[in-house]
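These notes are about the structure you will find just below.
A, B, C, D, E, F, G and H label the chains in the order they appear, each numbered from 1.
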Amino acid sequence: MVVNGAPRTLAPGATVSDLVSLWCPSPDGIAVARNREVVPRSEWPSTPLSPRDVVEIVTAAAGG
Amino acid sequence: MVVNGAPRTLAPGATVSDLVSLWCPSPDGIAVARNREVVPRSEWPSTPLSPRDVVEIVTAAAGG
Amino acid sequence: MVVNGAPRTLAPGATVSDLVSLWCPSPDGIAVARNREVVPRSEWPSTPLSPRDVVEIVTAAAGG
Amino acid sequence: MVVNGAPRTLAPGATVSDLVSLWCPSPDGIAVARNREVVPRSEWPSTPLSPRDVVEIVTAAAGG
Amino acid sequence: MADDPTDFVIAGKTLRSRLVLGTGGISSTEVLGAVIEASGSSLATVAVRRVDPAASGGILEVLRTHGVGVLPNTAGCYTATEAVLTAKLAREAFDTDWVKLEVIGDEDTLLPDAVELLDAAEQLCDQGFVVLPYTNDDPVLARRLEQAGCAAVMPLGAPIGTGLGIRNPHNIALIAQRCSVPVVLDAGIGTASDAALAMELGCAGVMVATAITRARQPARMAGAFRHAVDAGYQARLAGRIPRRYLAQASSPVEGTPDL
Amino acid sequence: MADDPTDFVIAGKTLRSRLVLGTGGISSTEVLGAVIEASGSSLATVAVRRVDPAASGGILEVLRTHGVGVLPNTAGCYTATEAVLTAKLAREAFDTDWVKLEVIGDEDTLLPDAVELLDAAEQLCDQGFVVLPYTNDDPVLARRLEQAGCAAVMPLGAPIGTGLGIRNPHNIALIAQRCSVPVVLDAGIGTASDAALAMELGCAGVMVATAITRARQPARMAGAFRHAVDAGYQARLAGRIPRRYLAQASSPVEGTPDL
Amino acid sequence: MADDPTDFVIAGKTLRSRLVLGTGGISSTEVLGAVIEASGSSLATVAVRRVDPAASGGILEVLRTHGVGVLPNTAGCYTATEAVLTAKLAREAFDTDWVKLEVIGDEDTLLPDAVELLDAAEQLCDQGFVVLPYTNDDPVLARRLEQAGCAAVMPLGAPIGTGLGIRNPHNIALIAQRCSVPVVLDAGIGTASDAALAMELGCAGVMVATAITRARQPARMAGAFRHAVDAGYQARLAGRIPRRYLAQASSPVEGTPDL
Amino acid sequence: MADDPTDFVIAGKTLRSRLVLGTGGISSTEVLGAVIEASGSSLATVAVRRVDPAASGGILEVLRTHGVGVLPNTAGCYTATEAVLTAKLAREAFDTDWVKLEVIGDEDTLLPDAVELLDAAEQLCDQGFVVLPYTNDDPVLARRLEQAGCAAVMPLGAPIGTGLGIRNPHNIALIAQRCSVPVVLDAGIGTASDAALAMELGCAGVMVATAITRARQPARMAGAFRHAVDAGYQARLAGRIPRRYLAQASSPVEGTPDL
């Protein structure tokens, strides 16, 4: 799959929760878009990822 | 019918041409909208007016 | 003599001190010009006024 | 003597006229100051120059 | 070379003058004739209004007599729908597909409504009109109007009739640099120097109505604007000197006599 | 009536053009000739400098050939004494009693020194010179120069050669309103619209040097200034519209069709 | 009475400070902390960006530690679609429905795209967001954004990061007078006096990023802006004197001694 | 380092506040007290006027009570002679050798007369006065006043009481850069942002009279100016960002999600 613009392979059946815990020191202040749709925090554990998914994991940066 | 905002009665069967010749010294520089649709000059003679028509007859005024 | 633009008569031998005490509730914040010369406070008692003198007695006013 | 800021020696008895004719292609549009005094054109021939004179010969330059 | 004069061309038509005349506020057809002569304009706007059987009309005749092209406007329209219909009536009445597109947001400022304006511009361009939109001084909107197919863009200097001049020269310069269609400054001009500045900022032309028609001497003011537009245009071509913080002597220092 | 054109008269002499030309910074006598032609100027400044035996000179010839009057300046003088002597040399050399009086305070700003300037002006007026002082934009000093007998006053728009335009239009307007001798804006002009503005503010003329001579195309720029000065002058006579805070429609509201 | 201070309230929330802080360009979280303290701000913007596993992040912590509200922006979005999705991500990530809506037209000017902006604003308002749109200085667009349900409008003074100040005070004054939601000046501010002017023109608040974060001394500049915003606000309430063309003595004429 | 705050010192005396108060136009001693408190000023001007036996006087008491220094002015003087005598009377009456020197040229503009002003300044400096001259915005005159021994220079922003702000920021910046004595902007200030700008341009202080005393709420306006002067001063120290023609993003481009 593609995570934040880069190709990435994940164990089959991995969920958004798995990806976030892999990717972020803490889930705090994080949001996830899967194929240009927001995945609510509550659905992370129940949302499996497929190889064709395009995922964006975002947080706050100084700006504006 | 209503012509340029004022009620107006016309002989039955009167056309746009009749109205324009009645209304304007000359048809030059004139356009007509009937019920918010432009009536092309070529169709004036063949366009009868009905009592419920709302007609606007416009020309150039100093402006802009 | 003329005091602050108005004619004024004083007892013969009157001094600047006499005029000031006559003119001002208090000598504080006051200065006197006699014939376009400043009369120092210390010389008020010893400075007699003559009928032809032009005197200005000034103080602070809101300004600037 | 000094002419336009540079030392210069002239034949004894030389006049302002001599200097100007030596210095300028034409006397037209020229003025001369000798020791910070203007020497009128009419007096050039009759004005001898002495070794201690400071002379300025000026004309028009593009400016202003 | 960019510094040589070029023709003023809109939609393939070369205009003799870079000064576009607005006829609004003119006191009589006689004055209009004199103003046209003095201005040298080859294009003038007219509004589309109800025929007044009593009125003499005559403005079209004056323009034709002087060989001035008619540019109908959609003044008074608040929606794209009204503006599009007005443009169609104008095309029918005046036999021209040119239109100065105005879609305003409110009657106090008469400022353009960006959304309705772009909507109307897209519709009219699609229907083959030569669209000259009266727009605000927004560089982004100006380019969107250009992309929609407008033949020129007419950003404002200040609200119509205010005579406040060019309130935001920075935006006008940005628009002129970034648009490939002609930029014609419209609205807000108060006096000749405003028009010269507009041209110096990079505009291809200037439209003036109130500042001429309501001046104390309209014909004289028309002549003033004619010269000002030319002056500003020539000055831009001629390449102005840079701005300096401190002075630079214009008379030589060398050769100064010791007096 | 005040709104009709009047002649531009200084010390009884009528000048054909309200644009006074400064020759400083000109690249060649050829370019000078072209600039004079394009500008229409009838008066041009020259500086008084040491004769360079090597130099061709020729600037006086160019001015004479084109029938342009010579206005010597005292550029480079820091004291009244230097300026007065320079003026006398100029009178002797160029056979004119006109002088553009410059007495500056420092070499960074080249701004006038009010005290030395007034002193020099008084001396020269007493000696029969026609004095045109280059002054700052101080309305009080301008009137004192007029009272000293100066034939005109030449307030600056900005420091010489900066091209910053008119930094303080309020002062220039005050000077123009309060002086009875002609007011000729001098220094700081950068482009045509600056000159038009000067005339609209009430100046009787404008002097331009650097902005023309150092432009990329001097002759074209000279023509631009010629038109700008005329445009600004005519616009002032024509009577500009008042400034408004809110808009005023230039197309009639009555008669708007219901579409 | 209109001349007494009022709370600064957006969408029912009272903000302690009228100075909204932009965190862009800050050099470190330490400097950010110092800037927040000095500014007294109670609301600060953040951008929504990809998680960098390497990065320390920490900006949210700093804001929380200082009790500063988080205002996510949609910087970098060119379409309504991108902006809406970014706002939704922000709501999910930062647990706030407030959003500073930015939809820009091009990368050179970063100016808002009026049409996309209004579209995005309408969508987000419909979905219950508290929308603070970064808009141009167009009074008509500002009112359309208000009518779409925006909680405030944030017109620009000049393009982002330019430090050019308020290019068009006339438009900002019109917007402040004609909008009933708070007007917060955003973008273009260069220095303290710009912020004071914004408040004097009628703004309810000012947002500052670059002018503080990229100043030579960010914390000191933050303090300067804190005072400037208060000064401009108090000055507006206090009722400034009218502008006069001529002078009015501030010292009495009567009682002047004859010296 | 030049970027750290320094004391505001005139003639060896350190002033607590950079805001100098003018008392002209104040409606009552009560209001004056409130204005002093709100302004934080430590120096205030008074005029020298004939004693009115009927009047309560009391202004000196108010100043003393609040520990505010008295700065007598020579308002109303048209010649050096009058001004020098007025200064001597002030020294005798108020026991101070400080004087705000005003020598004006006419009653319409109340602008300084450069020649009389410099003459009076030289006389008073020779006689040991601490002279703070009210001058125009001429950088050359400012330096001559400094060379004459003045303890500070007080250039105007605009004519007294006009509230037109700083008409020529370029000159004020030049004066501040080129004088070594403190530069205190005087006259013309209309509102808080004008005072902040003065400090940003490099002034060491600002004097305000009419803009405070004739504001609708004088005490509130005094507080606004207190903050504005501080804001402008701190902003100058903090080092403002450069001005840019095009935008610079304040949110990072890298890390923008692909949405």
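Worth a mention:
Keep this in mind: contacts are C-beta pairs under 8 Å (C-beta built on N, C-alpha and C of every residue); 3 or more make two chains touch, one makes a residue touch a chain.
Please read these numbers as outputs of a predicted model, since none were measured by experiment.
Pairs A-H and D-F differ in how many C-beta pairs touch across them, and the larger number is found at D-F.
Using mean Cα coordinates as chain centres, the one most removed from chain G is D. Computed centre separation for the pair chain D/chain E is 61 angstrom, with centres defined by C-alpha atoms. Mean C-alpha positions place chain C and chain D at a centre distance of 66 Å. Our note on geometry: chain B versus chain G, Cα centroid distance of 54 Å, whole angstroms. Shown for chain D are the residues in touch with two or more other chains, namely 4-5, 33, 36, 56, 58, 61-64. Across the assembly, chain E contributes residues 22, 24-25, 47-50, 73, 75, 85, 89, 108-109, 111, 164, 170, 209, 245, 250-252, 255, 257, 259 that each touch 2 or more other chains. By the touch rule above, chain A contacts chain G in their complex via residues 4-5, 23-25, 28-33, 36, 38, 40-41, 56-64. The residues of chain E lying in touch with chain F in their complex are 3, 22, 24-25, 47-50, 52, 73, 75-77, 81-82, 85-86, 89, 107-111, 159-164, 190-197, 200, 209-211, 213-218, 220-221, 223-228, 230-235, 237-257, 259.
Residues of chain G that touch chain E in their complex: 104-106, 108-109, 111-115, 118, 136-141, 143-144, 158, 164, 167-168, 170-171, 174, 178.
Every residue of chain H that touches chain C in the complex is listed here, in rising order: 22-26, 32, 45-51, 53, 57, 59-60, 70-73, 75, 85, 88-90, 92-94, 100, 102, 209, 213.
The residues of chain G lying in touch with chain C in their complex are 250-252, 255, 257-259.
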